[in-house]
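Two complexes come next, and they have one chain in common, subunit A, joined by subunit B in the first and subunit C in the second.
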Partner chain A sequence: MSIITIQLGQCGNQVGREVFDTICTDLHGGHGLCSKKENESYLAAGRERFFSEEKPGVLAARAVLVDMEPKVIGQTLSLASKSGCWTYDHQSHFCQKQGSGNNWANGYCVHGPKHKESIMNLVRKEAEKCDRLSGFLTVMSMAGGTGSGLGAFVTAGLKDAYPSSFLLNHVVWPYGTGEVIVQNYNAVLTLSHLYQSSDALLVHENDAVHKICAQLMNIKQISFRDVNRVIAHQLGSVFQPASSSSSDGATQYSRSPLGDLMEVLVPHPEFKMLGIRNIPQMSENSLPYTTFAWPGLLKHLRQMLIANAKMEEGIDWQVRPPVPGLPASRKESLKQPGRFNTSIANLVTLRGKDIQSADLGGFRDPALYTSWLNAPEDTLTVWKTPRAFNKYEKSASLVSNSQFLLKPLDSVVGKAWKMFASKAYIHQYTKFGLDEDDFLHCFTTLEQVIASYGSL
Partner chain B sequence: MYILCPFKLYISSPLNGFSRFPSLVGQCGNQIGCRFWDLALREHSAVNKKGIYDEALSSFFRNVNTRTDGDGADLCKGKIRSLKARALLIDMEEGVVNEILQGPLRDLFDSKQLITDVSGSGNNWAVGHKMYGCQFRDQIVEKLRKTAEHCDCLQCFFIIHSMGGGTGSGLGTFILKVLEDEFPEVYRFVTSVYPSREDDVITSPYNSVLAMKELSDHADCVLPIENESLFDIVSKINQMTNCGKLGSTVKQTSLITSSAGGIKHNREKPFDAMNNIVANLLLNLTSSARFEGSLNMDLNEISMNLVPFPQLHYLVSSLTPLYTLADVNVPPRRLDQMFSDAFSKDHQLLRADPKHSLYLACALLVRGNVQVSDLRRNIERMKPSLQFVSWNQEGWKTGLCSVPPVGHSHSLLALANNTCVKPTFIELRERFMMLYKKKAHLHHYLHVDGMEQSNFSEALSSLTDLIEEYNQLDASNCGPAIDPPRLEIAV
Partner chain C sequence: MKGARSVAMVALGPGAASLPAAIAALGLSLPAARLSPEIFRLGKFDRPEVSVSFWKLLYTLLKQIHNGGQMESPDIGTQVKFVKYVVLGHGYRRLKFYQLPSDGSLGSKELLLVFSWLLCRVSLVKQSLALSRLKLCDETVVCICDTTVKNIQIERNLDETVHVKGHRDIRYLQWLNGQLEFQWRNCHIEQQEQCKLLHKIHSYTFGPHANPTIGHFSTTEVDVVKKPESCKQLLHLIESESSRLEAFLKWKSMEPLYWRWMETVLDPDTKEAKTQDVCNKNPLLLSSDLCYSDLSRTIEELDRCRTDLVTLCEELHKLVMFKKLNSTGTVRAGEQGQLREGEFSRTTKKIEAAVALKLSDFQCHSHAYRIKKIHGPYRLVFKGKSSKAHKKDSFKSIPPNKAITVEITAEDVISNLKRQEARMKAELKGRQEESRKRLHEAAKGFSQMLVIPPMRKQKARDAKC
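Up next, the complex of A and B:
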């Protein structure tokens, strides 16, 4: 089944392009260390998912590009064409002359209603190209104005127009100290609106990815391009084909990748914040000189989960699941480091050699999960494929619905609230038709989310 | 197509009395705008080697075919024919405008872009604002509309004027109001040259305070600039380049005071070096809206991020580096120096010290080969030495534009919304009071139709309120910051 990607704003377009690039490189990157038959069914599934093939041999991304200014889309289209391996459909983009000016209200209240029809038309045309549509993946940042404001508006529009399709929002969380001063306002407005209309939010924190670039990839002068490559690699490692049933012979690839993911990870609409981790992650230069074994990889990945580490370096090994029966001192330690990260559900994807030997018992431990949301057998889902991903002989990735975002979310809401209390910048939003009550409403929604995740 | 409508108003009248810059006595010639267009052409021709009219170029220039169409219908893409500045030149005397029309940039303007009169404003705000405002309103609106019609997306108006005279100060702020009425959606940026302490225009405190009220009420952003600061920067550069050792290695085109590489001039004017600094400020301010980068910054993002309360829209600017040495290797140390300098007192275009005052917000507009990790490192490094208001501890806005200015590998424009502007305003009020107490020269103003005593008292109280707002911010920074209690949620 196919996924339509909607790239919104500068960040959305720059990240989105990198995702297609990564996926395409992986699809064309040789035999993937598996049987020819295996590789072919992987390729077929991967292509159907992300590309249409109007002319033989030319892959066109199933994507709609949206921005309110022309420079980023221009650059994105031309970079894709230069890849020689895939392109964008050159009809499938929409841009205007001037950006949203980091103003969520401008994106949501002005550009949204004004351009909804044109954007939805492009989406419909993409949808008509799909034999079987699994759903939509939107890619955007929540700090700017276009991705965040227009993105929230378009997300609601998609939910209305395609009520039975799945809708996953990929959201780039801004650096703590930022590029945008009103980022916390924009984030609060975006998240609370997405929480109403999206099926799940998959979050990448720029600070965390930046650290991966510095420490695991050894990049000295880190650019957005580097950051986006890591994000794309992680997304690819989840969304490239993999199968939930380990039958013999060629793998049966998941029919509806988005549907399956939502079904296992979002058991309750109050909890829809998803995070992603992967292992191993390193610079291409050191890859040939490193060997991996499943037990080591999975041991690290599990500790990354419970200690809430975003990468395999610097994990706190002291953190352990709570011993059943002992009262956990929850309230005071809510935001402290060294705290155990409780999960609702996890999805582990294994790719590459000897996957049959990988033992996931550590992820099944009931102590990792909150007791009341899921039946124990539903807490962990595993997807596998013997096909290696992107030059990594073995790789594992983990999408989890857990408390991982509690601290950053609390911090964003706290900073925005502080600004709101002093009424700073409010006039910039009221100018475009958003009033103080709208803000209050959004704050309430997110305090509720914080409270819910906090009480797990 | 991206289009700005920068818009020139800065034309000076003869300087009266004793000038701080003796060589200028009797010379008129404010040419900031002129310097701007020259350097804008230089920048675009450095980037655009093929002579194709592209989107970047279209933000400042129209491309017209003068031969086939007398009215100069706009051409879109294609070869550059004849570039016309998207600008309006306004002066109430003819000298400077005529000089521009006879100078090397004459082809950039046609008569439809000019508004002039013969008698000047006599350094009297009331004459510029009330008399000429009334007289020229219709003509101004019509020419504005014509200019705007040529833009398919009008982003922003820039007004460049001085505060101390009569035309820029009076008519300039009148036009600000006209723009607000006629184009309410379009942002209004104002670059204002504030009078120096020993200004040669005796009535400059009146003119400036009267103009300040208009700026506070009708501008989206004001970039206040002082000639003394520009002068100090020019002297500093001259000193550095003349001390021999350095002189040989500095790239001439990189000096932010230099016109090298621009259109050939007959002779450099005394204000040119200073005006080039302001021209570079405007080029860097608009670079990210014109050229691509990994973190674009449109002009509307500036006021969105830097103006937390409507009237507090005065931004102190600094430009670094002042020049680039000719060797090509840039050690990270030198890159970091660029960031440090941007916060130092002697790089500000206003006599102010942001480092020892309170930041409401700060923007860093970077051009050239600089990545997000360089930004992060430098923000982390600078942060401990700067004070930010309690509710905006992370008040940083950044932009990354990949095209550096001519002659540089990288550059930085820092904009600070900082209480350090307060002393300038207080001093201005004091100088105003010295005259106002004695009612000196008041009758020259009250003669003018439409001018009332209340214009003075209202302007004074507007300035006092503004100063008070800065006072309160400074005061709030003294006590301990108490976090507001968060919303309670029933689980």
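Up next, the complex of A and C:
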């Protein structure tokens, strides 16, 4: 089944292009260490998922590019054409002369309604190209103006126009130190609006990815491109074909990837935040000299999950799941605030050699999960494929609906609230038609999210 | 059962000798189930050695009807559980059967009774034949039977009978509900995909079909044209199906014999039957048949509505007369009379509304009755190119038992569904309003609680901007 990617704003367009690049490289990356038949069905499903093939041999990304400035879209299109293995449909982009100036309200209240029709037309054309449309993946940043403001508007439009399609928003969480002074406002507005219209929010924190680049990939001067590449790799490792049961890979590969993911991870409307972790992650140069074993990889991945670590280095191995049967008060004191990361549901994807031998017992432990679900039947899903992903002989990725975002979310809302209480920069928003009540509603929505995740 | 079986009095010439032949014919007409007449004979004497075969037989047949694939064959305990559950759903109420041990070691006579009961009540053979029927042309099932009223009744029953305190976390229920919604959407997406692909096949193969009213190939036909070797396989399937149908015909002619024999199985039991029949308490379970609202039920419904309407009209009339008399009497009494007048008009309005509602229900029912004719599988025929600019899919019925073909256009079906949707939406709205009121009532008890309304929808904001 196909996914249509909607790239919004500078960040969205750059990340989106990296995602297609990663997937295309993976699809052209040789035999993938598995049987020929397996590889063929993997390739066919992967191609159908992300590309259309109008002329034989030319893969055109199923994507709609939207930005208010022409510069980034121009770069994105030309970089894609230069790749030689895939391209964008050059009809499928929308841009204007003037950006949103990092103002969320400008994107949401002005650009959104003004350009809704043209954007939705492009989306419709892309949708008509799909025989089997699974849903939409929108890629955007959370802190800017066009991506986040217009993105939130477009997401609501998609929900209206395609009520039965699945809607996953990928959002990039800004650096804590901040690029934009009003980023906390923008973040609060984006998240709360997406919470109303999207089915799930997949979050990447810039800070965490930056650390991965520095410590795991050994990159000295880290550019946005490096960060985006890591994000793309992680997304690809989830959305490339994999099957949820061992019965018949080929038909399983062609199932609806977004639908399957959401059904197991985000059925509850109050819990829509997804985080992603993967292992191993390293620079391409050291890859050929390293071997991995499943028990070690999965042990690390599990500890990354429960200790809320974003990468395999520097994990706190002291964190243990709470002992069941203890009275609540005692449990609390043991837990120490914010240390143990309780999950609602997890999806583990395993790719590569000897996946049959991988033992996921550690992820089945009911102590990892909230008590109101039946662990592990309701809480753990496993996708597998013997096809190796992007040169990694073995790799595992974990999409998790857990408390991982509780702290950053709390801090963003807190900072934004402080600014709001002193009415700082509010006029920049009100002049585009967003009033203080709207802000208050957004705060309430997120407070509710924080409370829900906090009381797992 | 006895009344229905009085038909069996006809033609019992050959006697018990041909019973095995009848059972063999029955076995041939059922798929994947080899019936040996011997297990029936042993079943009559409640011999334990055949009980497992009976459980297995029931499991395979019921599993097939309840659209489960026959891939896995679980242990006998699961099979027994499944059979008991499904049979209960069909409304079987004999306690003895449900008390049979779960290892399947006992009760072949009870199982024989259940099997025969299903045969007669659920028309097991017909259903199984219909399900495994070869689909040579593209079909769709059209069903515009009115189910709303029935659902309300079920729900009322639920309200009254289920007092179980939920000890599950409410979040778990919300989770399950969300999961259901996603599954619906997945289903919808798959349906859309199928439509798209069928449309492609139909429009690409327009022209060469031998039957000009159809004009294009079906999926099976395309498959055969593309892969001639599958022709043989198809032929084989058709042959086996027709042999099953032949066996069914044979069984039909010999069926009375079987029921005569069943009476001998039942006879010693009839005395105790009345005392055993204690399971028949829960009306909710009785109504949980599979949305199979047949004609008779609709007619019954219709009759009930009509009598309801008539009584309501009469009541209204009486009430109006009474109130009129009353009010003319009281008008002279001055101010107080005016007050009553208000009350009177309120009551009349209320009754009028009730009548209007009943009337709309009545109309719906008569509509449903008319549309009843389009219930069942229909052949999908694409008429895109013949009707020029006006593109439309049209359904044409396959005449299964009658020679007349009934055509329905997709437009008709869609408009019907839309009407139904509108009705259901109205009902939903009413119920939401009702629940909201109840919620308000309940919230009054918690004066210290702060309730925040959900965020405004975007449309409201658009209007404001």
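The rule is short, and it goes like this: the second predicted complex is superposed on the first by the 435 of 456 C-alpha atoms of A that agree within 3 Å, B and C clash if a C-alpha of one lies under 4 Å from a C-alpha of the other, contacts with A are read in each partner's own complex, and residues count from 1 in each chain.
Throughout what follows, a residue touches a chain if its C-beta (ideal position, glycine included) is under 8 Å from a C-beta of that chain, and two chains touch if they have at least 3 such contacts.
Model, not experiment: these values are computed from the prediction.
Chemist: Can A:133 be said to touch subunit B (first), subunit C (second), both, or neither?
Modeler: Touch status of A:133: second partner only.
Chemist: Could you let me know whether more residues of subunit A are touched by subunit B or by subunit C?
Modeler: For subunit A, the partner with the higher number of touched residues is B.
Chemist: Name the contact category of A:225: first (subunit B only), second (subunit C only), both, or neither.
Modeler: After superposition on chain A, A:225 lies in contact with subunit B alone.
Chemist: Contact-wise, after the overlay, does A:259 reach subunit B, subunit C, both or neither (first, second, both, neither)?
Modeler: second
Chemist: Once the shared chain is lined up, is A:444 touching subunit B (first), subunit C (second), both, or neither of them?
Modeler: both
Chemist: Once the shared chain is lined up, is A:240 touching subunit B (first), subunit C (second), both, or neither of them?
Modeler: A:240: touches no partner chain.
Chemist: After superposition on the shared chain, which partner residues are touched by A:308: those of subunit B (first), subunit C (second), both, or neither?
Modeler: So A:308 meets neither subunit B nor subunit C here.
Chemist: Under the stated touch criterion, which partner chain does A:343 make contact with: subunit B (first), subunit C (second), both, or neither?
Modeler: neither
Chemist: Can you pull the subunit A residues that subunit B and subunit C both touch?
Modeler: 444
Chemist: Can you list the subunit A residues touching subunit C in their complex?
Modeler: 1, 109, 113, 131-134, 153, 156, 164-166, 192, 196-197, 199, 256, 259-260, 262-263, 266-270, 371-373, 378, 433, 438, 441-442, 444-445
Chemist: Residue numbers of subunit A touching subunit B in their complex, please.
Modeler: 10, 14, 69-72, 74-75, 96-99, 101-103, 145, 175-182, 210, 213-214, 219-225, 227, 413-415, 417-419, 421-425, 427-428, 440, 443-444, 447-448, 450-452, 455
Chemist: Going by the contact rule at the top, pick out the subunit C residues touching subunit A in the complex.
Modeler: Contacts found on subunit C: 168-169, 171-172, 174-179, 181-186, 188-190, 192-193, 196-197, 200, 452, 455-458, 461-462, 464-465.
Chemist: Could you pull out which subunit B residues touch subunit A in their complex?
Modeler: 1-3, 55, 152-153, 155, 291-292, 294-296, 298, 300-301, 303-310, 361, 371-376, 379-380, 383, 390-399, 483-484, 486-489, 491
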